[in-house]
Amino acid sequence: MQARRASPASRKKEYAMTHHSAEHRSQAMNDCILACQQCEATCLETINYCLGEGGEHADPQHITLMSACADICDTCARTMLRGAEVHTVVCNACAEVCRQCAASCERMGDDAEVKRCAEACRGCAEACAAM
Amino acid sequence: MQARRASPASRKKEYAMTHHSAEHRSQAMNDCILACQQCEATCLETINYCLGEGGEHADPQHITLMSACADICDTCARTMLRGAEVHTVVCNACAEVCRQCAASCERMGDDAEVKRCAEACRGCAEACAAM
Amino acid sequence: MQARRASPASRKKEYAMTHHSAEHRSQAMNDCILACQQCEATCLETINYCLGEGGEHADPQHITLMSACADICDTCARTMLRGAEVHTVVCNACAEVCRQCAASCERMGDDAEVKRCAEACRGCAEACAAM
Amino acid sequence: MQARRASPASRKKEYAMTHHSAEHRSQAMNDCILACQQCEATCLETINYCLGEGGEHADPQHITLMSACADICDTCARTMLRGAEVHTVVCNACAEVCRQCAASCERMGDDAEVKRCAEACRGCAEACAAM
């Protein structure tokens, strides 16, 4: 449990320390890039998990929403890594898609894997909304 | 064999006629998917052209904006092709990025290649705004 | 105005006629870009269809393979549109992924939507192998 | 310097400890996913840096190769995160693109930012070749 909480913060710190580019970005943007990367990865892993579980886990709208969420998170992280000023537009959209994806995961009840995905989406939505 | 060699024009026609999925989407959405695909392709080609020209064509902010535009257009088309209801959110963001990219191209003056990119961006912005 | 409303078929024709970049690429490469774009689109649509059908259509390995196929087709088309010389490497990989995806579709029997996906994959595999 | 060496290993460990999906993948695959994510991010940042520097840094072939490298690294990480068995095909292609991108960076001489990109590409090439 502790490990789960510790990881984003400590990973981000290393990132900020070693990357020249990261030093030239705000802490909020470095946090947001990491949140997008983690949300994309978690959605892709959770799609795989949900397809294997079947039943309501494999509901087409749920799988499709997680897929769309992974794609916009990817584009959002890339836009910031490119240093594009238009990132705020993409972040706004990403925040809303992540919110909808989190809500879809949360409707699925008490499954640890799906909850992990909801948490990644909530974290990404918050980080994107702060940009 | 003949069909396979057929021109892009005739293939596109088949595409429109044979796609079960396309028939279940509105004409506006099919137009928007095509506009996104063409805008992405045109931006990627124009980046290549502008890097080769150098000078103001290779202005970092201009190249970066076209790159970000290609990425969001890609994600936008994919979101509609997936049948994701959240596509409206992505279309809104895509419309705004395309508008900014078109404006950046239009500031570049009377270059046919860059004007073609501006037109693709304007077309995509309109199609996305109509979703 | 009329031109803007024109059908996908006529737009595709314009596309082939007006692109400076397209004129500087071989016909084989233009065909390959189109094949990749169509294969990506068809895979994304077929994922949506198969999830809705459920049962063997929604087999996790099948959905996952179509998803991976859509991604590599996307990257492959982009690499050629960028004018990157390294495209041959990506085309080789894309051809093999498309072959595996076609085979997975073909194992699914006599479903018109899935057959359409198999055909798009076979076409893309051939076009990529020719690069 | 130490921090730079330490980061991938410790990040990967956290990743492996907290992710259910990561626990079901080999250590080599978790390493490879991280290497692809870092190589993609570094290429995107270095494109931005090189465009700003101009001159030989903004050589069209170099920018294009880094762009293509970022795209295949992205697809490669996604393919593994999806759990797709076809990942070996994508990893092979990614290894070769990364090798070529590293070589292009190394030809650029003694620039710390470009060297960082070369290192990320070499690391990703090795990790992908081991899959």
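Order of writing sets the labels: A, B, C and D. Residues in every chain begin at 1.
Here is the rule we go by: contacts are C-beta pairs under 8 Å (C-beta built on N, C-alpha and C of every residue); 3 or more make two chains touch, one makes a residue touch a chain.
None of these values were measured; they are calculated from a predicted model.
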Separation of subunit C from subunit A in steps, with touching chains one step apart: 1
Angle of rotation relating subunit A to subunit D [CA atoms, steps of 5 degrees]: 180
A-B against B-C, pair bridged by the larger set of C-beta contacts: B-C
Mean-CA-position distance for subunit D and subunit A (Å): 20
Separation of mean Cα positions, subunit D and subunit B [Å, integer]: 27
Between subunit B and subunit A, distance of the C-alpha-averaged centres to the nearest whole Å: 25
Centre distance in Å when subunit B and subunit C are each reduced to the mean of their C-alpha atoms: 17
Of all residues in subunit A, the ones touching two or more other chains: 47-48, 64, 67, 74, 78, 82-83
Touching residues on subunit D, where the partner in the complex is subunit A: 3-4, 6-7, 10-11, 14-15, 17-22, 33, 37, 40-42, 44-49, 70, 74, 77-78, 81-83, 112-113, 116
Touching residues (chain side subunit B, partner subunit A) in the complex: 61, 64-65, 67-69, 71-72, 74-75, 78-79, 82-87, 89-90, 92-93, 96-97, 100
Interface residues, subunit A side, partner subunit C - complex: 47-48, 51-52, 54, 58, 60, 63-64, 67
